[in-house]
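Which chain is which? They are A, B, C, D and E, in the order written, and residues in each are numbered from 1.
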Amino acid sequence: GDVRLMWYSDGVEGEVIQDLLNRFMEENPDINVTLDNVAYKVIMEQLPIQLESGEGPDIARVTNIKELANHWLDLRPLLSDPAYWDTNFGDQFDWMRPDGSDAIPGFLTQLTLTGGFANQTLFEQAGVEMPGEGATWDDWIAASAEVMQSQQTPAAFAIDRSGHRISGPNVSYGANYIGPDGMPAPVDDGTKTFATKLVDWTNEGLMLKDTWVAAAGSTYRAAADDFINAQIPFYYSGSWQVANLSSKIGDGFDWVATGSPCGTAGCSGLKGGAALVAVKYTKNQDDVVKVMEYLSREDVVKEFSERTLFLPAHKGVIEKGGLNWVTEDKNVGPALDAFVKASSETLPAADALPAWVWGNAYYGALVTRISQVMAGEMSLDDAWVRIDQDIADKVAQGN
Amino acid sequence: MSRVAEFLTRRRGGSGWDWTDIFTWVWLIAGIFVMFGPAVWLVLSSFKTPAALAEFPPTVLPMATEQVMVEGYDNPLELYSVSMPDGSEQVLAQVRRVGTIAQMVDPDAPDEIVKVNIAERTPQRRVAFATENYVVPLEQNDFLLYLRNSVFVTVMATIITLLTNSMAAFALSKYRFRGRDGVMLLIVATLMVPLSVILVPLYSVVNAVGLFDSLWGVILPTVATPTGVFLLRQYMLTIPDELLDAARMDHASEWQIYWRIILPLAAPALAVLAIFSIVWRWNDFLWPLVVLSRKELYTLQVGLNTYAGELNVQWHYILAMTVVTMIPVVLVFVFLQRYITAGIAGSGLK
Amino acid sequence: MGQITLSDIQRAYGNVKVLHDINLDIADGEFVVLVGPSGCGKSTLLRLLSGLDKPTAGRIEIDGKDVTQVSAADRGLAMVFQSYALYPHMSVRQNLAFGLENIQMPKAEIAERITEAARMLEITDYLDRRPGQLSGGQKQRVAIGRAVVRNPTAFLLDEPLSNLDAELRISTRAEISALHDRLKTTMIYVTHDQVEAMTLADRIVVMRAGRIEQVGRPLDLYNTPANLFVAGFIGAPRMNLLPVKIAEAGPQSVRVEGAGGLSIMVAADGSALQPGTDATLGIRPHDIRTGTGGDGSFTATVDLMEALGPETVAHATTDDGQKILAVLNGQDTTKAGDGISFAFDAGRTHLFDAEGQRLPPPRT
Amino acid sequence: MGQITLSDIQRAYGNVKVLHDINLDIADGEFVVLVGPSGCGKSTLLRLLSGLDKPTAGRIEIDGKDVTQVSAADRGLAMVFQSYALYPHMSVRQNLAFGLENIQMPKAEIAERITEAARMLEITDYLDRRPGQLSGGQKQRVAIGRAVVRNPTAFLLDEPLSNLDAELRISTRAEISALHDRLKTTMIYVTHDQVEAMTLADRIVVMRAGRIEQVGRPLDLYNTPANLFVAGFIGAPRMNLLPVKIAEAGPQSVRVEGAGGLSIMVAADGSALQPGTDATLGIRPHDIRTGTGGDGSFTATVDLMEALGPETVAHATTDDGQKILAVLNGQDTTKAGDGISFAFDAGRTHLFDAEGQRLPPPRT
Amino acid sequence: MATRSISSRIGAVLAAPVIWLARLLNLPLKWWQGMTGTGGMAAFFLAPNMAIFGIFVLLPLVINFAYSMTSGQALFLSDRSYVGGEQYARLMDCGNYLDPTTCREDLFWIALRNTALFVVVQVSMMTVVAMITALILNREIRGRGFWRAVFFFPVLLSPVVVGLIWRWILQREGLLNFILYNVGLEPHVWLTDRFYSFVATVGVSVWAHMGFYTLILLAGLQAIPRDLYEAAEMDGTRAGRVFWRITLPLLMPNLLVVIVLALIRAVQIFDEAYVLTGGGPGTSTLYLTQYIYEVGFASLLRNPGLAAAASIIMGLILVVLTLIQLGLGRRNEKAGERK
């Protein structure tokens, strides 16, 4: 029968998945998988509407997996080997199913982890030693500031404008968003500490203004281009940038992934990812299961990751290691390996976030208000009040 | 040369350059730079590689570093001009770079490796068009299918828009009936709400009338544009009523008056609306995105916009596809704009 | 068929009444000319007839059917607009064909009619031009042509010849006249040209300020104008009107006396008049001749001699300050400032009472 | 000042030449009337003079300065458009004031001029209306008013009275004439009305198909038209033109013979003529009288009698098939079909050679 | 010449079926006209438009109003809970209406204030610039089609691309600074400056939509009878006065379209500004639609009820503004109506 797969791409993964599916269809001539390549916006704006009216594709690649968890098909009773899934993808099932359920809605095509990148060449030119293992945020910023001084870059570092991005560091400073009842907790000292640092750094001209200050609300802004153009020696983003940096920096300079700098509580990044899930409303469960089983096969996952330069979410693949990254760039392999390594350093408070429904409410409020502080529109103290209230409003609305 | 001089010195009224002539040309020239400049730059940028796109400061033309095949190396090497310690400039090919030191060779003397600090070298660049920005998306996508859908949507929507809007505008400008002002007000008032705001209600309506996932679902909600009615109506107000009277004396039915008198005389406004409608429908993105879920029905904009991901946007493809999809509308514009010529409605009168 | 009856027609624009109680019967096939001062409501009346405008009150009947509320397209009339109102986007040919196409006339017949009308109006050379490329007179001819090609119940023509040169005007006038003779279609014709009115009309309707002043055959209007207004309006140059006093008044004749010893016996029924009351004596400039020895005569000083060619208009002032116009045959060589004597016959005078009404003819 | 010279003016629309080599000198203060058949290029010529249009070739001088390339606004002329061209969004008052405000005339003076012009044109009551609310004639008067209130170097008037009724036309004509006498401004005036042309003009320019046929004082044109075209065009109804043959030709007189035994001796210089060649004899309808005993006479059958009131136009056909027009004084009672005899004097005839040119006067 | 005839032939071919249809329609319509009179014809001419309009524009608007009375995250009305005016109350909950920071939904009020400022500046600038351009394109310049295309071109670009191009131009190391640097002027970080960001959003939106309004005005300008200009020229009118006294009043109906549309579009400013400044720096270019978008759609915990309420308030403001416009325009519009 026919299976429709809705897919968005950040890079080459559309071509890769098409390849893989073609192979699948050769093996299963009776199943016709159509890959609907769409813009990310479709996933965000159209898919929810469709799902609510009980329609939609059979399988989709989604990021807001938790919000839409009610619409996913539980594959557990249909899979030939649910245990394989539990072992290899089990850690992330909570990210994509309603709290308390034991369903298997799908698996992550890509695991992401926030983390830093440093421009090795700039550091070298400035003659500044790159902070090593266990270096704190302060160390990194101080070192970057030195590079900035010496190399006359406009700023020392930048973090993507996103609440998700600063949540890892927040946790590193002891933040915990989740209250004892599972509901959002008021902004705590951990968050305040790091946020205060960020504001200070911005005011001192160390953090690039163009990303955080120059936007409002929860608008997402990446600073990748500034890093690519050697405008900043240090850049905090995430594993998904590896392919992007590789292709755009090329031979421009050497760069390394640094993992997440440490705070007082640890050196945590934040995990995330995009999942491939089956949709409850499919009329063709059997074939959907076949496709899902195929795509979740260890060899398929491995190939997919190697070619897309994505971190795999498959435990077996990670543990076996030896991923053969398909690239000529000598910076890529070590960077990805660094992320794989860093993924074990995340703190529990961070690991709880992807599966937490109110995560996005928290992220949005953080980024909105902190950037207002950076722009001088309100004080930090006001910001804490606003953040708590914003979140409370969301919670009230969501129930 | 004299033709050029004549062209440049041609003035209104024929005598002397007055300030309006100067102002006109200043404005037009400024227009070239301000209005057209960015657009030209956009086209040029669409031929840049992703790396060149991200580059600071941007170059005007798409550039790529020159490469040479050097004996003893399998892959082509990039050329740099290097300021040598002795102060001279030399063109060298880079073998590899380690940290801040580049290992380079003279292409003519490939045996000797020169070590150069990377601050001392600048890439040898030349203009290069990254045509793959165009080729890849066009090959990957069902371009022809999308094109067909887009053309269908655009043509049907425009025809229906022109027809229904001009009919309504005719009634609203040339008849006096009770409630006319009310209808007009209603129409203008509904201009207010942006589509993105009523997206969900509109979706439920379209779903309810069974137009979901059909091209008509894309077409119909857009054709009753209040803008069109308003635009046409205001223009039709300037058509003298005497001409309608004459037609009535000529035994024309109201339909014929609309069809044979009003429409031709409103041609400039219709052309404007046609241009708008075509541009809008052709570039529509959000609404088709919501209504269409099957690839077979995708319009160009939906189909070619798959390069906007969550974390990365592949701007090189998006720009190239912007240029591609722009070409037909530019042609349509050039074709239709000539109808925006002197209104002739008054010349039949005394 | 084209028998038209207007009953108590009124038309107002806002508060401004432009037509007051118009009553008029037009026989089938009649040629009626509307004249009157500019702005008196002629075009308005025509628009009401055409159906383009609706009266504020009153009834319009065509061939006995009440058409007051019938739309213009269904009345089957043809109209020549004072403002031409040609379709600017159509060629002359298409302008002419439009009305015919609307009634699904076969192509061949349309072509034939257009050729015929174009020949008659001398616009054959311009058939493929647009109105914007025509001169004023050419446009006007097209406007006439557009009405002529149709075969309407009645023609409504609003100053159709005003922009034509004398020669063309005469020939077109003749064509219209011939058309009328041939088709016997009712025609209602507005004009400011006395010659047109006199030569074309079966009856002339004289209007003033939204009212009908007099309706009658052209020569009747000329010879026996019902009141001072008509007397002044019909005939060019306008009639001389001299203030007089009634001296004697009888049922057969009235004697009036005026300044400068003027004393005239006019044949009229003056039985209703009191001697000593005011009256007005009208004498047409054409009825005044130079010289002495008529029923009345006076001397005057010439102010201006306008030589028209075949005749000369003398503007003069009598010794007691009365302005007088006289039309003299041929080219007169009298110069401004010269003295001149005029004479006229009592039989050519017109007598109006103090209210401006013409005295009835002598009782028989 | 308003001395205007046109040299070799040409104007073409695309391939169509509408003006060919126009040469004309207009003296300062002169009143020049342009006449000619519809479409002959009068309005075009006026537009060239005004500066709204530019000639394809030739030179226009005003007061000795070459203004061919000067824009209309800078020529300082005023124009009455055949199409009125009133500003539809302004009241009549604003229409009149507009040109004056442009030259920063004080408000009080503007008001005064408007009052004066409105009085003269009888539009005082409509000053606050918009053009859309006016009748055709009212619009035309506003158009005249707009030119009159200015104080231009010269007036250009394109059929300014065509939509006015006879009475108003005469009074407005008189006003224009008075205005000209008072201001001594050059006026160039297009009209189709013979009376206007004859009475207003210092000189009349007769045009045909883009060329000037004759320029001269009104009576000269009437009495000695230079060619057949002018002869036919000036004078209404048009001159009767009879085909004749030259019988004898001398420097003092020419004898011509025509159908029906017609034989007339005309005083003219025929020394260039060969006996036996074709010629045309012109006789104005006004110069034909009923009865016998003139230098020439003929009998005819009446086709149509048009009673104009003061005179009657007889349309008749001579026994040999020649159509003849005659204007008879008074109201004639002859009916169509009746026989009638006409007579005329040799002194009132016009003789044209085979090329249509008038024969020169007898040698002295 | 050749291209023209080809293009007109294409036009003829395209028009043929429509013409055929129009002919076909004539007979039944005549009958209908006979039945109902011209009044009925007005209904007929309005019907198709109003039917589509009612279903696809009015109905969703009504539903949107219903949304504003509900809360929850569910997308479909049937799944949402009725809360009455609560959303409105939340929006209007302010300590001091002049100080947005005292409001519960401070961002809404900030956005409202920014939008008001934006509308005033942008609409006036847009009208003036479009008018000047239309006047210039209306002159007899060579290559008119080319020039029209030049000024219309940006309209063809999607707002996202527009925002992007201009961000590339205006960003710290963008084209503009590059040019400034090269001609020896001081570069400036435009997009982190409150004032320049605002100016940039105004400027860019004018840039992007000007062609649209220019075209409307151009059509209007061309419809003004030439003879009026000739009369004005004979009246010795200076160019400026011709514009104020002839062109402007006669253009009024079309100018009204431009002002009303520009106003509405300005209030709805979103994509360009969003891509260009994202609402920043701080909240200085945060406009209403972005607020609505973020509240109702962009954030993962959406609040369609609040968004709907905000949009209704925005719509009401617009209706009032437009009514004022139309009221003002009405007088002048009458003037434009040529008899």
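Note that a residue touches a chain if its C-beta (ideal position, glycine included) is under 8 Å from a C-beta of that chain, and two chains touch if they have at least 3 such contacts.
Protein names from UniProt, one per chain: B = Carbohydrate ABC transporter permease; C, D = sn-glycerol-3-phosphate ABC transporter ATP-binding protein UgpC; E = Sugar ABC transporter permease.
Predicted model only: the values in this text are computed from it and were never measured.
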| item | value |
| --- | --- |
| Chain separated most widely from chain C, comparing mean CA positions | A |
| Distance-to-centre winner among chains (Cα means, whole assembly as reference) | E |
| Whole-Å separation of chain centres (CA-atom averages), chain B against chain D | 60 |
| Approximate Å spacing (C-alpha centroids) for the pair chain A, chain E | 38 |
| Whole-Å gap between the CA centroids of chain C and chain D | 23 |
| Between chain D and chain A, distance of the C-alpha-averaged centres to the nearest whole Å | 93 |
| Per-residue overlap in chain D, given as positions that touch at least 2 other chains | 71, 82-83, 133, 136 |
| Sequence positions of chain A contacting 2 or more other chains | 45, 49, 53, 229, 231 |
| Interface hub residues of chain E, defined as touching at least two other chains | 38, 75-76, 172-173, 225, 227, 250, 297, 336-339 |
| Residue ranges of chain B in contact with chain E within the complex | 7, 10, 12, 18, 20, 23-24, 27-28, 31-32, 34-36, 38-39, 41-42, 45, 56-58, 159, 163-165, 167-168, 170-172, 175, 177, 180, 183, 185-194, 196-202, 204-206, 209, 220-221, 223-224, 226-227, 229-231, 234-235, 237-242, 253-256, 258-259, 268-269, 271-272, 275-276, 279, 283, 285, 301, 315, 318-319, 322, 326, 329-330, 333-335, 337-338, 340-343, 345-347 |
| Residue ranges of chain C in contact with chain B within the complex | 47, 50-52, 71-73, 76-79, 81-89, 98-99, 102-103, 130-132, 136, 139, 146, 150 |
| Touch list for chain A against partner chain B, complex | 4, 6, 8-11, 14-15, 34, 36-43, 45-46, 49-50, 53, 55-57, 63, 120-121, 124-125, 222, 224-226, 228-229, 231, 238, 240-241, 244, 247-252, 254, 274 |
| Residues of chain E touching chain D in the complex | 225, 227-228, 230-238, 241, 245-246, 249-250, 332, 335-339 |
| Footprint of chain B on chain D - complex, ascending | 54, 69-71, 82-84, 136 |
